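Shared between the two complexes below is chain A, which has chain B as its partner in the first and chain C in the second.
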Partner chain A sequence: MRVSFPNFSNIHVVIKAVARKLGVTEGELVVPPPTTQKTLDLGVKYSPAEACLPFKLTLGNLIEACEMGADTLLQARGTGICRLGYYAKVQEQILGDLGYNARFLTYDVSRNKLVGIFSLMKNLRGANWFRDIPALHFGMSKLFSLDRIDKVVRHTRAVERERGGANRIYKEAIASIDGAENGREVKRLTRKYIGRLNSVAKDPRARPVKIGVTGEIYVVLEPFANMDLEMEMGKLGVQVERTLSLSRWVKYSLFLNPLGIDEWKDVRKAAMPYLKRDVGGDGWESVGEKVFHSREYDGLVHVAPFTCMPEIVAENIMPSTKEDLPVLSLVFDEQMGKQGMITRLEAFVDLLKFRRRSREKHENFSGC
Partner chain B sequence: MRTFLGVDVGSVTTKLALIDEGNQLIASIYLRTQGKPIEMIQDGLKEIEKRMPPGSEIYGLATTGSARYLAGVVLGADLIKNEITSHAVAAMHHVPDVQTVVEIGGQDSKIIIIRDGVVVDFGMNTVCAAGTGSFLDHQAARLDVKIEDFGGYALESEMPVRIAGRCTVFAESDMIHKQQMGHRTQDIIYGLCQALVRNYLNNVALGKEILPPVVFQGGVAFNQGIVRALDEGLKTHVSVPSNHELMGAIGAALLVHEEVEVEGIETRFKGFDIIQMDFQTSSFECGRCPNNCEIAQLAMNGRILARWGGRCGRWEKVIEEELTIS
Partner chain C sequence: MVKVGIPRSLLYYQYYPMWRKFFEELGAETVVSPVTNEAILLSGSSRTASETCLPVKIFVGHVLYLANKCDFMFIPAVRSIGGKIYNCSKFLGLPDITRAVVPESPVILDPEIDLSRGQGNFLKTIYALGNHFTPDRKRIKAALEEARKANLVYRERMVSLKLTAVEVIGEESRNGNVEAEAPLSSCLTIAVLGHPYVLHDDHLNHRLLSRLRTMGVEILTAEMVEQEKLDAAMARLVGKAHWTFESDIIGMGGYCLERGVDGIISASVFGCGPDSMMVSVIRHRARELDVPFLSLSLDEHASEVGIVTRLEAFLDMIGRRKRICV
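Take a look at the complex of A and B:
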């Protein structure tokens, strides 16, 4: 058996960690090559033209994995109002047509998520609680560590004196944590890299604008899909805030949701005056994030794959809320040019700075 | 006299605007880019040098437009600004109570919403060039009418024909069909103007609150037919500033003036010598990973000045190292 999976943010680090503790050997785990233009070209070539970007990119990852000899593929499925529900089925057919008869092990992201994880591990290696629970725990420790570091990176990029320093440290941190053998080492590395990020030389005059990023989770979290959006925002001196993260998803979906704790309760409640129901994907939450964070953020960047129905619904509701927070909607697919994105981001950041300046002027006047 | 230069290098035209300390326009030049941005920058600079009042000197320089990074490196810009902000600043300078800016350029079109002197929203065409100047340029060629005469023809129309304007390809076949049916050229031309405006209002301006005063700028504002169609489409008077085609460059100049005053920076402008310099651009595919990024590079007298286009930053970094060594 040779198992593989589609890339998504830093998930390769987590899957490698869990697989190692489950006793999956290096030869049995095929880590797909990093997502590149070649991945996208493959995905676009073999996908239906109207499929969304996450479908095309994950298909490209799986084709590259099959080329490396993978025969068992992990993919998500769901019962939400979104195309994710049929990704695995359609990709299985496409791969079959290409001559790869890989077995799909799907994971339901809509319900019974903790049970799903264990049945996935059982399918791979047979059930063994004494091995499975520590393996899951080890994988999660790496995930939480990377997301903690990521948050510091997002804040450091905005104020560092020399651009690019935080990115270099982050890249090194991912590689080191990927190589960590045990939980203690993960903890030590987390402290080390957060310390290094905190000691990066900062520009004392920097006054970063605070922009939230929300939208469809894959495009939000996968830098290749969003053309390194957060890095580009960092270059413009933006402090990027983001509620969505893989670790948060895991923490709530696997453990706290079954106990009745809903991480989106406040955000959905905030969306209620404008949208009263789930519209699939992350559309409801996107509207809620605008309303909920309207006082805390200076602006919001809303991202979505082209043709994503849930986010189209959200995009069209956002301008009508009475909570006043500037929103920049960016739609991604294989046709999108990066320069267009950068021009819009630059103009958006200018808009927010002018707004802040005029607000401050206003406050000064009324203060006299 | 202290002066400030704004350089707007767009896809179709290159604009230079020189302002004085009172923010008054004292010299300007408007050229077709013709796919040769660097030569046009040099030509433009030569003209500006001739038109500068004696004893005046450039104290700040800003670039804008789609070639703003290239132009910034070539000229030694103090500020590189996106065209949306530049246009907004120039519009507010010209019409202080402006609430809506319509800008239609060669390849892109924008709408900027301003309230109480602050930009609150903007939009830019995303997928299609059917709402832009290139579309009209192309159709004018097909109708065998000079683009400069387009507006005059449009104003003579009494019975404009309806043309599908959603897509350039469909518009073209629809237009040929109308020609074959025997409609007057004037009516077809105004029909095209209406199609462009309809497209603009349904795409770029979709969902935006358009309030007067509306200022219309960009090269396409030369076209009286579009001005008339916008007036009718928006049911309000649309004003066209006298230097509408230079607004991007003027905005950049205003911004760099402010920057110089506030920050007290000294200009990095390389001087008029660069008119004589030999610039070369070239590109190559990196090939170090499957991304195979296309890297563009700019050299002056054989020395690399800048590189663009890499995803990982490898090539940009090489420059920094080369610069610190030399």
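Take a look at the complex of A and C:
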């Protein structure tokens, strides 16, 4: 059996870690090559024309994995509303047409939760609690440490004196955490890299604008899909704030939601006057984040794949909220050009700086 | 009399007779917007985000038309009509989208219909809805029963007489019986897959159904087939349904492929999330069984001539095939 999975943010680090602890050998785990233009081209070529970007990219990943000999594929599945629920069905058909005889193991992201993960592991290696729980714990520790580092990176990028320093450290961090053998090493590396990031030379006069990023989780978290959005924002001196992250999803969705703790409670409550119900995907939360953070952020970037159903609902509702927070909606598909995105970001950041200046001027006047 | 506005769009085609009965029983009058025209489409798309799918833009246009002509606007958020099967995001967000983009709309009645949460929950929703008209719970319940009956009659007529939704609704309003427009010479049977709000909105689909009939084709749409047959065919093809109106496309496609038709035309709207996946499943199956399949993608830029040309070419191809095969 040769197992593979589609790329998504840093998930390859986690899956590799879990697989190693489960005793899956190097040869049995096919890590798909990093997502590139070739991946996208493959995905676009074989997908239905109107499928959304995450479908096309993950299909591209899976085709590349099959080319490398994978025969068992992990894919996410959801219940209801968003088309994620149909991904595996259609992708299996397409791969079959291409002559790959791969078996899909799906993980339902909206049901089953922790049980689903254990049954996946059982499917792969047979059940063994003494092995499975530490393996999962090890994978999670890598995920949490990467997300902690990522947060520091987002803040450092905005104020570093020499652009690109934080990115280099981040890349290094991913590689060395990926190589870490045990939990203690992961902790040590996390401290080391956060220390290095904090000691990067900073511009003391920098006053970064604070912009939130929200929207559909795949495009928000997968740098290839959003064309390194956060990196580009960092280059423009923007402090990127983001509530969505993989570790947060894991923490709540797998462990705390079943106990009745809802991480989105405040955000959803904030959205209530404008959107009263869950519309699938991350649409409700997107509206909520705009309302909830309207005092805290200078602006919000709302990203979504083209034709994403829940985010279109959010996009229609966002402009009408009483809370006044500038929103830039960016819609991603295979036609999107990076320069176009950068130009729009620049204009947005300029606008926010101008807005801040005029507000400060106003406050100064009323002060005297 | 209190007037309830019902936009002639989206779920209107599936549920209008039921809704009308319900509101009439409660002593309210229903006001329906006219058949979609260019002005309605333009006014709707000027308010919504450009990415929004065409039926929702048209829906907003209908709401704008009705805005100053009624006391309430009826826009249910239909989450689920059974099982753990849910509807497309836009149906759920519809009342909220409307509130956001049409601030001048009268009070929006937005009951959340979620049958997956049980009958008790549903009744509570209906009582809350009826409360706008009468505090008398018994009367609301009676109205609900009448509405259910009206819906069954409506469904039954479409299946037994092989009529489309619009024909049955039209027949009721004229109080007379109409036969289905007789095709000139029905030698071809073509299944047309699509949501009712796409197939029956003549402005959106450039009169697809009547055009096919005048071309001498006998058409078959999902509403002409018993729901059980659709569900069974769907179960055989993909297993459990994922979306509420999945049987319109997958069930109908599967049923027709099993029953045998001369060809299948799928009419979907550009950017429709569920359709992009479902049509691909049916296309795949049709290719395996070697059944001609035409997929029409409609948006506000679709030109009538382009559609006619494609239809003619498709029918010519099937005609030639049949002559060779027979």
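Everything below uses one rule, namely that the second predicted complex is superposed on the first by the 367 of 368 C-alpha atoms of A that agree within 3 Å, B and C clash if a C-alpha of one lies under 4 Å from a C-alpha of the other, contacts with A are read in each partner's own complex, and residues count from 1 in each chain.
The working rule: a contact is a pair of C-beta atoms (placed from the backbone, for glycine too) under 8 Å apart; a residue touches a chain by one contact, two chains touch by 3 or more.
Quick caveat, the model's predicted, so the values are computed rather than measured.
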item: Chain A as common anchor, with chain B and chain C clashing or fitting; value: fit
item: Contacts of A:Asn128 with chain B and chain C, given as first, second, both or neither; value: neither
item: Partner chain(s) touched by A:Cys52 [first = chain B, second = chain C, both, neither]; value: second
item: First (chain B), second (chain C), both or neither touched by A:Gln37; value: first
item: Contacts of A:Asn101 with chain B and chain C, given as first, second, both or neither; value: neither
item: After the two structures are overlaid on chain A, angle v-u-w for chain B, chain A, chain C in degrees (C-alpha centres, nearest 10); value: 80
item: Partner chain(s) touched by A:Val331 [first = chain B, second = chain C, both, neither]; value: both
item: Touching partner for A:Tyr86 - first (chain B), second (chain C), both, neither; value: second
item: Dominant toucher of chain A (residue count), chain B or chain C; value: C
item: Which superposed partner A:Pro319 touches (first chain B, second chain C, both, neither); value: both
item: Closest Cα approach, chain C to chain B, once both complexes are overlaid on chain A (Å); value: 5
item: Shared chain A contacts, counted only where both chain B and chain C touch the same residue; value: 316, 319, 331
item: Chain B residues within the chain A interface of the complex; value: 66, 81-85, 116-122, 124, 126-127, 207, 289-293, 311, 313, 317
item: Residue ranges of chain C touching chain A (in the complex, touch as defined); value: 48-49, 51-53, 77, 79-80, 84-90, 92-93, 95-97, 99-101, 103, 110, 112, 238, 242-243, 270-281, 284, 297
item: Residue numbers on chain A that touch chain B, as the complex places them; value: 33-34, 36-39, 164, 167, 228, 316, 319, 326, 331, 335, 339-340, 343-344, 346-348, 350-351, 354-355, 358
item: Residues of chain A defined as touching chain C within the complex; value: 48-52, 79-83, 85-86, 89-90, 93, 97, 274-281, 283, 306-310, 312-313, 315-317, 319-320, 329, 331
